[in-house]
Structure formats: C-alpha cells, structure tokens
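Which chain is which? They are A, B, C and D, in the order written, and residues in each are numbered from 1.
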Amino acid sequence: MKLFNFSQSRSLWMMHFCTGCGAMEMPPTMTSRFDMERFGIIPMATPRQSDLLLITGYLTIKTLKRVVRAYEQMPTPRYVLGFGSCTINGGMYWDSYNVIKKLELYIPVDIYINGCMPRPEAIIDAFLKLREMIAKGEANAWKKYIENYEWYKKNQSEVFDVEKWSIKNEK
Amino acid sequence: MLKNGVLKMKNEEQIKKDIETTFGELVKVHIKRRHRIKVDAPKNMTLPILAYLKQRGFHQFTLLTCVDWIKKGMFELVYNLYSLDYNVHVLVSTHINRENESMPTAINIYEMAFDYEREIHEMFGVEFEGHPRLGEFLLEDWKGMPPMRKDFDTRAYVEEKFNVKDLTKELFTRKEQPYRGPGSNG
Amino acid sequence: MAMFLLLLIIGLTGLLAFILGPIKVLRNIISLIGAIGGLLYFVFKIRPGQAYALNIKIYNVHFGTGMSALSIFFGIILLGLFLIFLIASFHEDNDGAYYMFSFFSLLGALGVLFAKDLISFFFFFETMSLFSFLIVLKGNGETSHRSAFKYVMWSAFGAYAFLLGTFLKVNYTHSVMITDISYLGGNIKLWILILLLTPFMVKTALMPFHLWAPGAYTDSKDTYTVFLSGGLSKIGVFGYFIALFNVFSQIAVLYPWLLKVFAYIGAITASLAGIYAFMQDDAKKLLAYSSISQLGYVAVGFGVYSHFSVVAALFHALGHAVFESLLFLVVAGVYYRTKTHDLRKMGGLIKKMPLSFIGLLFGIIATSGIPPTIGFPSKWLLYEAIILKNDLFLVSLVFFASITAFLYSYKLIHSIFLGKLHKEHEHIKEAPFGYGFGIVVLLIPLFVLGTNPGIVVKPIDYIVRFYLKPDLAYNLTNMTTPLGHVNFPAIGITMTLLFTLSFIIYLIFGKSYRAAQEDNYTATEWIDKDFGLHYGGEFYGFMRKAFGKPLTWSFEKILNACLKVVSFLGEIARGFYMGDARVYLFYIILFFAIIVYIMGGKL
Amino acid sequence: MSILYFFLYLLLVTVIGLLYMGVARKVTAHIQNRYGPPIYQPILDVLKLFGKRHTVTHGVMHSLGPVIAYTGIASTLLFLPLGNHTPLLHFKGDLFVVLYLLVVGPLGMALGAGESSNPNATIAMARALSLMLGYEIIFFMATLPVFYHYHTASIYKVIQAQGVFPHWGAIIFPISFLAALFALQGMMGEKPFEIAIAPHEIASGPMVEYGGKYLGLLQLWHAVGIIVETGLLVDIFFGPQNIIWFFIGTFIVFYVVILVNAVMPRFRIEQAVRFYWGIPLLLAILGILQVYIWR
C-alpha cells in the first residue's frame, strides 16, 4: 500500500473540467510559468482516466448535475479540490437562487483553497499539500462518499431531480 | 462637433422630427442627450415604430430588457436599437401590466429578438404571442416563480432550497426607503 | 464409373428434394443423406489418376473424363462447403426447388472437375452457372431479378468466349481434349488462351468482369452465398490452373508479358475491391467486395507463375473458401435473427450472440492474414514469390490491398457486434444450431491449417511439382524459401503464452464492475437509455474526401455509357421495320441486287 | 530457465520503453521552456494506474482489448531481433511476420474500444485504421530495397549483412530511409499524425472509457510499441551489431521523432492520408528505382 500511496501522490491526473471563474487560473499553472507537470499532474480528457477533480469557483445547479455525474464516473480513489470562497459558503453569490452554497453537502472535498480565485502559487501549494496527505494516506474523502452515499444523494435530491440524473449501475 | 457652444445634434433632431411627423401624437419622443432618443409608445404602436425605425436605418437590435415597476403593477419593455450611420441609440419603451398581459412578438421585424423574448418570458413570465419556443431557456427544471420578478424573495428561497441559515435577518433589516430615482436606494 | 455414380447420387437427391418439396423434414433428411453420401463417396472411393477415363466417340469427337489430384483438392472443398451450406439452410424457409437448384449447381461444379475435354467442361460449366442463376433469381431482395439478370449475362459472355476458344482449338488441333497447344504457330494460341481464360476471370470476378458479383452475392439467399462465394468461385481458380498449365504450359517462355499483366490485374482487383469494400454500408455487399479482393490475390499468385507462388495461390483459394464462407455464415446467422443487413441498424450484438462474435472475430483475423490463422501462410508465400521474381511494385500493391483488409474487416465486426445494442434487438437469441455448427466446423481448419500448413501444402506441392521446378523446402510446421524461413506454430505458441501472461496481469490488479450502457463519457451530458450512441453507418466517411474524385469512376458508368450507345443503335435499326409489306419487298430486292453485284454476275 | 529469461527480457524492454516516454515528456517540457516531470514519471503513472481500487468495464471484449493489444506487441517484440541478440525462438524474425503481428495490437485495442460504444472511441479507431492505409504502405516500400539488396526477407540476415559503417542501409538507401522516417512518425502516432489519440478533439480517442488497470496495460503497450517500432527501423537501416548499439540507435531515432512531435500541430485525417500519398510515396518509389538502377 505504501508504494501505491507514493505513486498515487506523485502522479495525480487532473480532469480537464473547470466550472466557475477559476478556470482562468489553470493555464498559467499548467504551462511554463508555474508548470504543475513537474509534480506529475497533467490534465486528462475523461473522468475515467483522472483521479483529481477541481471545482474552480461558483457551482450552479446545472453544472452540479454534470459534476456529480463526472465524479461518479471517476475510478476510486479520487480527490476533489475546492477553489475560492464560492465553494465554501457560496461567496458573493450567497443569496443567488441558482448557485449552491456548500459544496461539502453534495460531494466530499479534500482541500479548500480560499481567495476569490486563488493565484497559481496557492494552487501549487494546495497540490503539494494534497501530495503529502495522499502519501500519508489521510486523503480519504472519497471513502466518505461511498460510506454515507444516501446522505449525499438526499442532499442532491433537494437541489435537482437525482432519479433522472443518476447512473443506474449494478454496483 | 461643438458649434458655438451648443452640441450640434443634427441627426437626433432630424430623426425626432421624422418620428413626430409620421406618428404625431400617438408617440412621445424626446432627446435625452447626445446620441440617445427615448420613444414612449403605447402597446399597440410598438411594432409599427420598430418597423419604421428599421426601415429608417436602425439595423442593429441591441437588446430587449424588462423593468418590473411592482408598485405601479407594470412591466416596462425597452427595445434598444442603434444605427451605425447616424451613431444614435433609440430606446422604444412600452408599459404592459404585470399580471397575464401578453405582448406581440417582434421576431418578424428583428430576428435577434428571439432569445431576448425567451429570456424575459423565463425571468419575468411575460407571454409573447407568436413566439415559437417560449418554454425552458436557461434554468433547467425550474419549477418556482420567474426569479427576476420583484415579488420573488430570493433570500427565503435560498434558505429553503439550500438549507443554509440566513444570518442577514438578525444583522440588519432593509428599511423601506422611498424611491428616489434610479440608482438611489443602496 | 465411380464418377458417374457420384454425379448420379447428387442429381438423384436433387430431384428427390424437389419431389418431396412440401414435406420439409423428409426433404431435409434426404438432401442431408445425399450430401454426406456424396462427400464420403468422394473422399474414400475416388483416387487421383485412376482409370476412370471414359471415352465416348461421337462423330470422331470423343469425350473423356478423368480425375487429377487438383480436381480432388477442389472436390473436397466443394463438397465440404456444400454440406455446411446445407445444414445452415434448413433454418431458412425455402422450398424444394431451391434445394434441387443447389444440388444441380453442385453437380455442374463437380462435372467441371471431372471433365477432360472442352465440350463436357463447357456443358457442366453452363449447368453450374444456370442453376446458380436460378437460385439468385429466387433470392430474397427485390433487386434480385436485376442482379440475377446481370449474373447470367456475364456468365453467358464468359461461356460463349469459352465456346469460341474451343472451336478455334478444335479447328487447329483437331482434338477436343484439353491438350497442350503451345506448339501452334503464330499468336493464334494467344487468342485461344485469352478466350479460354475469360469465363474463369468472370467466375472469380477479376476487376473488369466483376460487376455481377456484388449484386449476385448480396441478393441470393444468405446461406447459398456461402456456397456461391466459397465454393463456386473455386471453379474459376480450377479453370485458371487448367488454362495456364494444361492447355498452355509454355506460356512463361512465349508470353511472359501476358502473365505480368494478369498479375497486375489481380493486384489492382485486390486493392480496388478492398477500397470499395470498406465504403459499403451493407454487410453482404461489403463481404462480396472482400471476396473479390481475396480472389485478386489468387490471380496474382497465378500471374507470378513460380513454383511456390502457385502453391500460395491454391493455398489462398482454400483459405478463402474457409474464412470467406465463415464470414458469410455469421452474417447469415445475424440476418436470421435481426432481419437486416444494414450496418447502420445493427450494433452491440456481442451481448446476444457470443458464438457468432467469436466466429466473425477469427474470420476477420484470417481475412487480414494475421499469423496464427490460415490467412497468413498463403500471403507470406505470395510475398516471397513476388520478391523472388524481383517485381517490387507488384509486392507493394499487394501489400496495400492487404491493408484494406484490416479496414473493412474492422468495420464489419464493429458495426454488427460492438457498440450499443439497439432497443429492438434486446431479446434476440444466439444464431440457431445450423449456423453455429457451420461456424465451429469452419473454425477448426482455420487454426489447424494456420499453425501447421504442411497438411495442405504437401498435396498442392505434389500437384504443382509436375509442372514447375520446386524450390520450397517445407515440413509439417515450417517453410523455408530462398528468401526467408517461418515456423508457424512458434507464432501461435508465443501468442497464446503471452495472452495468458497479460491475462494474469489483468486478473491480479483490482476488480472492475460492469457499467450500464449509458454510463458513458459523453462530456458528462445526460443521455437516456435509447440514445443512439452507435457510430455504425458512414464509418469511413472521411475517406471519401481523401480519395476524392477517383472514387466516383467505376466500370458501371462505362458500361452504362455503352448501354446507351447500343440502345441508340437499336432505335435506328427499328426504324427500318416500318411494318408494311411493300417496304419489306423493296428490302428483299435490294438484298438480291447487292448479292448479284458482289458475286460479279458469276451466279 | 528460459521462461524466467523470457519474463526478464519482456520486463527489461517495458521499463526501457517507459523511460523513453519519460524522456519524451522531459524533452517536450524543455522545448516549452518548463522543467517537466522526472524521467521515471511514466513508471509512477503505471504503478498508480495498477493500484486503482476498482474501474469500470463495458463487457468482456472491452476488458480483453488491452490484453490482446499487449499480447500483440509483446509477440512482435519476440520476433524482432534486438541487434544480434536474437529473441528466444530459434528462427529469426521475418519481415512479414513482424509487419502482420504489428497489426494485432491496434486490432485488439480497436475491438476493446468498439465494445465501449462511445462515439469518441469508434471515431478514433476509424481514423487510426485509415491512417494505417497511409503509413503502412510507405514503411513497407521504404524497407523493401534493403531486403531486396541483401536478397533476404529475414531481418536477422539483414543485420548481419550490415556489418561495418559504410554498409549501413541508411547510407546506401538515403531516400528510402527518409520515407521510412515519415512512415515511422505516423506509425508511432506522434504529433503531426496524432489523429487517433487527439485528446482535444475526441477525448483521447480509444482510451476514452479505459481507466485504472486497463489504462496501465495500454501504457505498457505504448511503451513496448516505441521500442518495437523504432527498433524495426534501426534493425533494417542501421544493422546494430550488439544490443547496446541497438538501444542507442533506437534512442536517437526516437529523439528525432520527439523533436518533430513537440513542435508540430495535428493533421486532419484526410489531409494526413493525402499527405502520405504525396511526397513520402514519391520518395519510396525513388528508393525502389534506385535499387533497380543500382543493382
């Protein structure tokens, strides 16, 4: 297990799925200015291949449906990073009718990065923090999703019609 | 442009005079400031005015907005047009009352009105006769009242939907300030 | 006598099948007995070279029948395939006449194998074409009449060319037997050869004469196409051998350019047919073009005219009989269940028809000539032979043709078996026993002959050794030519060993659960159950842009053009028959006047 | 003993292939003026992929696809002599055996990807096979003169015949070597011809539904594929005498391929096939004509 944790921490494949306004912070982190690839983090095209999901910025109900579907399509163990204050308490959209307030209710999140769109340095910091957590084996948010699956589904059903949107898999 | 201290508004006057000659008393036209003319038209005269202006040279249909005067119980629909050669914006505005009054669609004059009308239908609940696809536009599976109307209480909705305690009620309450013109109440 | 007894058995069962037409069970049993009887009789009783020659002298033209090793080789292929076709055809609802025609077409084919003289050769060749034409006429599609008509017109064209060739030969050599004519003076022997070759070129659908094949293969009854493409096209290959070796053995010395042209026609057929194949959206039409493409290799093999190129050609003919009929059989089974050939409407049948999937999988592996299967040895021999003849452009053309094989075979297996299951195919079951039996029986030679080709190369080498100097060293399992050496079972063993290795890697790590059909990455957009995810039709659509203009030229257009010209001339001719007596009188007088003028008053 | 030798041999080539991929990412990174991951990064990636808890499969064929792909490329490896170091089996690799075995890998992958019924995967497979129409024929026509010149179809004999420096295939047939380089770029699926795995257009092509251990197997397949394809070219055109020269040769050829890959945009599929029937075909034909004249 130690070897797997080490290799998982050294090679995180990030899903190329940026939701809110934080997407603008990713290009500088990916390319030569900050280069996250030296930590083994590369953007992958499909949820099947990736194990790191970035929620960059506010999350409307419409995108939440897609995010939940993408999250469930990712193989375990999978990690989620919440960018900016909008994922913590809804940020400046605190009273908006279509933005979710607490990301925690819908999908388990490993690390929050505060700042109304954190700069690439903060993002790289978060990646390194996540690396340590995985290497030490503490980043088990994905287990929470599986253990209290019904609680998450109940929260989600309050916000959108889960029945229609969930993937009926013979688990 | 500055002719002996007074801004030369040749185009604006010319257009104002043309509108008044063609429509006479039915429509009130006044020049708010340079490059901007406001036309207040009753509901049945809106489409003719739009057609006349398009033929007059106002090819660009910039946008269509809706203002919710809840106290007067009226919706104000404002059609923004712009002409490149005169460099003049024209705002054609009409008033329809809030509850169940429909407005004829402007699609056959300005194609661009198609999506604006769908958005206003979804956000304010205004019915546009003759519009082929009014249904769901931006908000997926939205069951509640059109959210942009003044009588839609966002905070109560948020508290109920996202079960998040609304702390603002204790911190401060919004006093009912009298309306002192645009941009006045904070 | 044994031969006539065999022909009698088959003819009799055909008639019996027709008489007992309505009683399905009895008719099936009778035809089954007849076919098995014929096969067993053929295998055990008939030996090559035995004195079965029967010489009948009628007006000093005598007919001879005899048995050569080559005809035994093809005989076994024909009878074996006929048996598989018969067992599969019981599931289709076809009447007695259908069985009678198929039996008589088999009779004609066997007759061709026995014939020692050109007249009986022509007679049996005609019976075979006639009865297969009748079956194509009864075919299931509404366009079957048109394609049947095209089929009979083309085979008639071939047959009359053959007849003309025979008459020329008799005129010069005064004997109808299939004897050597290379000693004749002048290039009359060239014309005889070309005339004799045309019916076989038509039968194996070489490029200029292939227009009947796609139509005939698609519109005839599904199971009969198995026999038509697998079996009857072998008669064309048999004809090549007879024409190029028995009738004109010195061709390599006298007309080497003709052989080179023949090889290039074969190579062009193979590649062009391959390209047309992967453009089709109908499974059977795709397989028809693939069959034409594979027969193109056989023509190349004969064209190169070295010892082991002919061995490669005959081996490929046998291989073609095996994997082509396997593919047609699987498509027939799929048609039996889904009632459609259109690749656009099928998809995801692997879940419902696993055996057919395995059959088709190994069928396409053999068609594209991948080592462990039967397709590879013949292609390998063919390449070596062409390189030895140091014709590098021909070998590149043949290699190009074999790449098109990968394209159309993947399209076939993908559009039918992989992808998403359509709603209406939810409840279909596996193909019935008849097809399953055929698939399993055909899979055995596919692997056995693939890994140790010696079994078949020995008899073929025995046949060809008589005509050409052998320079192929072979034993049961591997072959060495002056150029290279291959050990076939070694490839098979390594592949199975490595498959188990990577299968173990696959088993050790983690477990995986089965995802539902719609749990697919669609950029996380929601799709409902019957959302059409299957990309079946227009599979290589973009290739049309890559080929561009040349793809639209086709022989069809040339023929339609001359069709118009002929009908235009016909119109003019019709103009002469105005219909009243006076005009006809005038013509008669005019006719006599011309005769008198020509004869110059010497009446 | 030979079974253990057999596994070590396969493991060695796979690890070297992965290191090559690491070098490729490092070089592309430095070209884009950034540091890039450590060389052994692909090995970590593969370990991570194999460590994934559980992944998704769409059916038996879907999970067997990568297995057949790896079998195909591994068996091609065993029939390809690495320098004079011949693989286990006594008979030395024959050109046609290797060329046809090279196709088993993509075919296995194609079957697996097809089963996943994802339009991205099937479009990718249609592209990959059509591209094969382009580069496969060029590669064959480019290698033909060397085999014809040395009167053999076995790669092993060709290597032995190319002993000393002036006898190298690339020196004698420079034109066909150039054509072979074009073909190699397509065969490896590198940038100008990365049409099948185009991550931006069709979400990484056939691998769209593969995750966890399947993707790990496909990475191994890609790694061994690098060694086999460049090795084939090096064996035919340079005839390395021992295994060290073989790996140096493959590294140099692979380096050229990465440089081209780092800077080139991507063709559309019909442009790529059209391109292949343009200059490279001309070069290949010139190569063959050279053999005819030269002999």
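Note that in this section contacts are C-beta pairs under 8 Å (C-beta built on N, C-alpha and C of every residue); 3 or more make two chains touch, one makes a residue touch a chain.
All of these numbers come straight from a predicted model, not from anything done at the bench.
Chains in contact with chain C and with chain D: which ones?
Expected: A.
Strictly by the touch rule at the top, which chains does chain B share as contacts with chain C?
Common contact partners of chain B and chain C, which must touch each of the two, are A.
Counting C-beta pairs in contact, pick out the pair of chains that comes out on top.
C-D
Name the chain with the Cα centroid closest to the overall protein Cα centroid.
Answer for the innermost chain: D.
Need the most distant chain from chain D, centre defined as the mean of C-alpha atoms.
Greatest centre separation from chain D goes to chain B.
Take the average of all CA coordinates in chain B, do the same for chain D, and state the distance between these two points in whole angstrom.
63
For chain A and chain C, what's the span in angstrom between their mean Cα positions?
Each chain's C-alpha centroid was found; their separation is 59 Å.
When the centre of a chain is set as the mean of its C-alpha atoms, what distance in Å lies between chain A and chain D?
That pair's centroid distance is 36 Å.
Whole-Å distance, chain A centre to chain B centre, using C-alpha means?
That pair's centroid distance is 40 Å.
Enumerate the residues of chain C that touch no fewer than two other chains.
Those would be 513-515, 519, 521.
Return the residues of chain A touching two or more other chains; collapse runs of consecutive numbers into ranges.
Within chain A, residues 46, 48, 65, 73 contact more than one other chain.
Using the touch rule from the top of the page, what residues of chain D touch 2 or more other chains?
Where chain D meets two or more other chains at a single residue, that happens at 51-56, 203, 208-209, 212.
What pattern do the touching chains form: line, ring, star, complete or other?
Shape of the chain contacts: other, as it matches none of the listed patterns.
Just spell out which pairs of chains touch, all of them.
A-B, A-C, A-D, C-D
What part of chain D is in contact with chain C in the complex they form?
Those in contact with chain C are residues 7, 10, 50-61, 63, 66-68, 70-72, 74-75, 78-79, 89-92, 94-97, 100-101, 103-104, 107, 110-111, 114-120, 122-123, 125-127, 129-130, 132-133, 136-137, 140-141, 144-145, 147-148, 151-154, 203, 208-209, 212-214, 216-217, 268-270, 273-274, 284-285, 288, 291-292.
For chain C, which residues count as touching chain D in their complex?
Per the touch definition, chain C meets chain D at residues 347-348, 350-351, 357, 361, 365, 368-371, 376, 379-380, 383-384, 387, 390, 392-393, 395-396, 399-400, 403-404, 406-407, 410-411, 413-414, 418-420, 478, 481-487, 490-491, 494-495, 498-499, 501-503, 505-506, 509-515, 517, 519-523, 533-535, 539-540, 542-543, 545-546.
Please name which positions on chain A make contact with chain C in the complex.
It is residues 17, 46-48, 65-67, 69-70, 73, 164-165, 167-171 of chain A that touch chain C.
Can you tell me which positions in chain A touch chain B when the two form their complex?
Listed in rising order, the residues are 61-62, 65, 89-90, 94-98, 100-102, 158-161.
Would you tell me which residues of chain D are touching chain A in their complex?
So the residues of chain D in touch with chain A come to 25, 29, 32-38, 41, 44-45, 47-48, 51-56, 199-200, 203-204, 207-212, 215.
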